[in-house]
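In what comes next, subunit A is part of two complexes: it sits with subunit B in the first one and with subunit C in the second one.
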Partner chain A sequence: MTASLQKGINALREVLDAPIASYFSSCVRCGMCAEACLFYTETKDPKYTPIHKVEPLRRLWEQEYTLTGRVKKMFGLSKPVTDEELEEWSPLVYDSCSQCGRCSMVCPVGNDITYMIRKMREGMAISGHAPEGVIGATKRTIELGSPMGIKLPALQTQISKQEAETGLTIPIDVQGADYMALLSSMEIINFPEYLGALAKIFHNAGVSWTLSSEAFEATNSGIQIGVADLARDIVMRIVTAAEKLKVKSVISPECGHAFTALRWEGPNLIGRPYGFKVVHILELLDELRSAGKLKTTGKESEALTYHDPCQIARRGGVVEQPRRLLGDVAADFREMSDPGVWNWCCGGGGGVSANDRAEHLRLTAFKRKKAQLDALGVETMVTACANCRIVLEEGLEHYNMNVKVVGLTELVAEHLVEQEAGK
Partner chain B sequence: MNAMDLLLWSRGPGLGIAIGIFLFGMVLRLFEIYSLGRKRDLAPARTGGEGSGWRTMFTRSVPDRAQFKRSPVVFTTGYIFHIGFFIVLLFLLPHIELIRSISGLSWPALPTPVVDLIAVITLIALIVTLIYRIMDPVRRLLSTFGDYLAWTVTFLPVLTGYMAYHHLLFDYTLMLALHILSVELLLVVFPFTKLTHMVTLFISRWYNGEWFARKGVAS
Partner chain C sequence: MRDETLLDTLKRRGISRRGFLKFCATTASMLALPPAMAAEVAAALGKVRRPAVIWLSFQECTGCTESLTRAHSPSIESLIFDAISLDYHHTLQAASGHAAEEAREHSMKQDWGNYLLLVDGSIPLKDDGVYSTIAGISNLQMLKDAAAGAAAIVSVGTCAAYGGLPHANPNPTGAVSVSEIIKDKPIINVPGCPPIPAVLTGVLAHYLTFGAIPDLDDLGRPKAFFGESIHDRCYRRPFYDQGKFAKTFDDEGARNGWCLFELGCKGPTTHNACATTKWNGGTSWPVQSGHGCLGCSEPDFWDGGSFYKALSTPISPVTGAAAAAVAIGAAAGVAIGLANRQTKAAAKAAHQKATIADLEK
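And then the complex of A and B:
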């Protein structure tokens, strides 16, 4: 056995816990999870059945943590996990799983398959079976600070532009602010309007906020590739910066996995609770709305729909907030089939969009979203995740669909009742 | 050993051994699961999800409507053979008599012809699941030896019971002995195959429901 495989197997042993043991004990191989997964429904290839994606992990568990498995192993009746097998599984674990969590909602015996695939990535990455694209993104996050290689000067340029656009100051490194906002690289490069929207909304609502020059990037490639050590370092940057600035809360941006990384995995990665709260931007906007601090005027007249980002809705519990916010600014909001916690993924979450090898499969899986949109017939789709947004735009372009994708925070900012100057 | 000896053995020592292995196996399996433990979740949970693990234990028995439409064969045959199996097990007069003789508990039986019909429906549903497992690419890929073994030991007690009642193939004494032996086979195999899901699915559903509830989602 090679040293890297040994490390991988050790990492897999490390992640096996009581929930996973109960999941494997309960699986009846009914295959219903296949129908919950867009990588299966759009390809009809049985190898994309979610539970099949963790087969090497299941065998390792059986061989080492069950009596029957140990007996079988003793008599040479079981197949050990090999490098070749893990290499064969790499596309299943990384390319065909966006960690969307739909299979975990469907499994009749209650298996959280997504949880298992996330854990399996720990062994895959360390044994050298993660895809190039995701390795690159992780490297850039560690070395340069962001998966797309964006450094502070690039952010500063966007800040200046947005300040000029909005006529407002975008605060940076303000000690004792209530909120520290984070961004995803996608937002910095492709959707800087998000920053301007924050400035406008917070100015009007009287929210004290700041950015940090030391930690402005929220995305966490360490989570996507499945290396807990790296994921911890990436989270720690944010924790250190937030605790240094003594902010009360950190705002997770319109990015699904950033929220999962920071809100749910972060404290477990660093081994302690934070000294601040984590809120998703939609949660905060909804709170401001309830407090009467977010007043909007006028409504979009054209029909529009909302794409629930998986990590924000199904895996994050933010479902009603975007609908309340949309209710204020859209006159003709139409729900897609399978909305909210039953949404279908854009196909590019969980590191899939950073993985060039997966591009063809991702575009095939997009046929699910295409079918949903075709059935609805609207031309505007609002969402709240910069990664979804890019992936959706690429899919729409690939299939020559005439649908516009809009970020919810920006849409709200466009309808803001602006305070008079000097107030 | 004649048929009567076999029947006596199966009702006496055989049953004792089978129940012993079943109980030992199940305790072992539960130990294997819980001894792995799990880390405490340090992320603050959303409020309002208390008791969600317990709820999911039951709510997961009812599929989401859209999912039902996507896997109608699995859902329909699955419901039929599970419910059918338990009706035959718990509402056939001789079974109730047996339970009463052991535990003192009893309840009204269903008319035997009704149970007989349900047994036939259960057998048909089980055969359909087997065919589907072999023919459907997803099920075929997932299936292991253990899946076919679990199917066989579930099918045999219903089949032999039906045959004993209708005096098919062998005389009643031998068929009854075979019926009881098939139940013992089921008990012995149970803890070491996916049949454990009868117990462990409540553990899985609890973990699942609890995980989702911490995030503010009812699963």
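And then the complex of A and C:
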């Protein structure tokens, strides 16, 4: 119980790096980021303008790192950042930002506003202004190993169930395997079919893979809440396990921000390159497909569309791979409006789905996805992020929409040309 | 004659319909109207009855009238002037004395509220305007009387538009422009010393075609002609961009036709159509003849210092003071940079590793 304003301000001072300073000084206040943010477009409330969400950080930068700011502060023209203000900003920084990155795409001066909000969270968390739900998820990740409190026995139960279902062995703690697969809690609890799908696909493709009993959880609440020290510890678990098993690559699961955490933030957090490669499962499936190791048969006849998870498409660059994979298994694939890097977020990324306080806002923001789906009129939506999937299902249920959500890996596995088990 | 249409008059003067349409298309293009508007200009101008125009000349040099009437050969532009019912013009009318003034009064009465008033020259206000009178009437009084019944006023030339030469320091007659006296009528300024004939006919054509005055800039000038600076449209602009300047009027640069900026050309601050319309039937214009622009279509162009002083050349070479200023600026930048680094380093030093206990108060 030692969060304090002083710690928070110090953290904000620490995150003010050259990119953020140049972003603040180049912002022309055009407001284009507002139209890119679904929390603004669905509410029309100007307080949800992305750059406004980092206003306390901007003022601190101005007061401590610029001449005019110092003078303003001296004459009392610029008020210091207070606890009350940060509390007021907490819903802006946590509830109304899914770190989707759309604002960064439209900024005419190239400001990465998403990065700024991510850094702003460093000061918010340590001064005690993170939302209860996200604090809980972070505590469970640190203390129990997973944001949903899932421990190894739970995973082992799901492994045996999937082994029974597929008739295949799911390897665990195999030294020297080529790939180490990770899972997100959502997959373990809600979508264990993913694990079965992996077993089937890898068995058919002859991929040597394993799970690790020490690090099976891919999600990183430390990144969502914005505490680099905790995020580093969480990434380090995976790095240690992967390097101990001497795997060549680690597979990021169908989870958006886990990919961001492991692929992009991880090496910066631990301050050194990994001894292995990180691939997203869709990248790996696409590689296997190109190498002729992923053969499918039959196609889904009903019309379906694909929801691009923000962290995988926009922030991760995995855009073409899912479309190539879908081309093999879907006869009637229909692109949503604003596809690929311009997708609209499900509304629950970046910790918003773990934040009970944000539920109403999240469902309001879902109207955008609803409008996209209504315009398209399909009844199946494929995606590649377990978090998107949960949030989409909640939204669809709330608005009584008859749309089914399917994970891409499972869809591919269903159409696999199977060799006989045990071969 | 008064019931004759403009097209009839032009025909009688030997101008073919083709020639008239060509003029209309040129005018439409000069006014930046869409090409399709040329037909409308032609239709409207062809039908228009000779509009009554009263031309008053005050403190002026007759240069404007010379410019507009002494064209090298009779052009359609000049015939447009013939086509209007120019009921009163000191220089051009045959009548003199009482007969002339009666003609003015008669015309004003007959077309009260509808005639177009053209004014060249400035109006003296000092000592009750005694410095310029016509038939015993001060310019001020005559302007006020004539303006009261005018549909619109065109200030022809810089003197009428902004005061011009009579207004120049020390302005012994207290000369002012038309717009400083008349506030309740639409006024179109067509400045220039003198103005370009095509600009005036273009403004008249616009007024006759649309029955309204064209879009004006903040100095009351038609944007179509005064919207861009001489500099932006100058054919010597590429030399300016390359930094090639004539240093004297007879050096290598001058002979090569380089930019006249350093010889005092006021092109960058002057808005007029000279660079595109040119003078004397498109023969040439000041910069093409090797002399910089004087800026004659801008207010107070007489009082802007020498015509041969460059707009923004340093008055003296860069000195030690400037070098010192650069050094001080650089030093201040480095000092602020170091201070900021210190702030950041202090923040890093104060960092305590965060644990989950630090997430709540």
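Brief remarks follow.
The working rule: the second predicted complex is superposed on the first by the 416 of 423 C-alpha atoms of A that agree within 3 Å, B and C clash if a C-alpha of one lies under 4 Å from a C-alpha of the other, contacts with A are read in each partner's own complex, and residues count from 1 in each chain.
In the analysis below, a contact is a pair of C-beta atoms (placed from the backbone, for glycine too) under 8 Å apart; a residue touches a chain by one contact, two chains touch by 3 or more.
Just so you know, these numbers come straight off a predicted model, no measurement behind them.
When both complexes are overlaid on subunit A, subunit B and subunit C end up clashing with each other. In the superposition on chain A, A:64 makes contact with subunit C only, while subunit B stays out of contact range. When the two complexes are overlaid on their common chain A, residue A:23 makes contact with subunit B while staying clear of subunit C. By the touch criterion defined above, A:236 reaches neither subunit B nor subunit C.
In the overlay built on the shared chain, the residue A:174 is in contact with neither subunit B nor subunit C. When the two complexes are overlaid, the chain among subunit B and subunit C that reaches more residues of subunit A is B. Shared-chain residue A:2: touches subunit C; no touch with subunit B. Legend: residue contacts after superposition of the two complexes on their common chain; A:268 is shown touching subunit B, with no touch to subunit C.
In the superposed pair of complexes, A:342 makes contact with subunit B only, with no contact to subunit C. Of the two partner chains placed by the overlay, only subunit B lies in contact with A:35; subunit C stays clear of it. By the document's definition of touching, of the two partners only subunit C reaches A:142; subunit B does not.
Within the three-chain superposition, the subunit B stretch that clashes with subunit C turns out to be 91-99, the only such case among 91-99, 127-135 or 181-189. Looking at subunit A, you'll find residues 16, 65, 67 touch subunit B in one structure and subunit C in the other. Those residues of subunit A that touch subunit B in the complex are listed here as 16-23, 25-32, 34-36, 40-41, 44, 46-47, 49, 51-52, 65-68, 104-112, 115, 263-268, 271-273, 313-319, 337-338, 341-342. For subunit C in complex with subunit A, the residues that touch the partner chain are 336, 340, 343-344, 346-348, 350-361.
Residue ranges of subunit B in contact with subunit A, taken from their complex: 28-29, 32-39, 41-44, 46, 56-57, 60-61, 63-64, 66-67, 70-71, 74-75, 78, 133, 136-144, 147, 192, 194, 196-197, 200-201, 203-209, 211-212, 214-219.
If you check the complex, the residues on subunit A that touch subunit C are 1-4, 7, 10-11, 13-14, 16, 64-65, 67, 125-126, 128, 130, 135, 138-139, 142-143, 225, 227-230.
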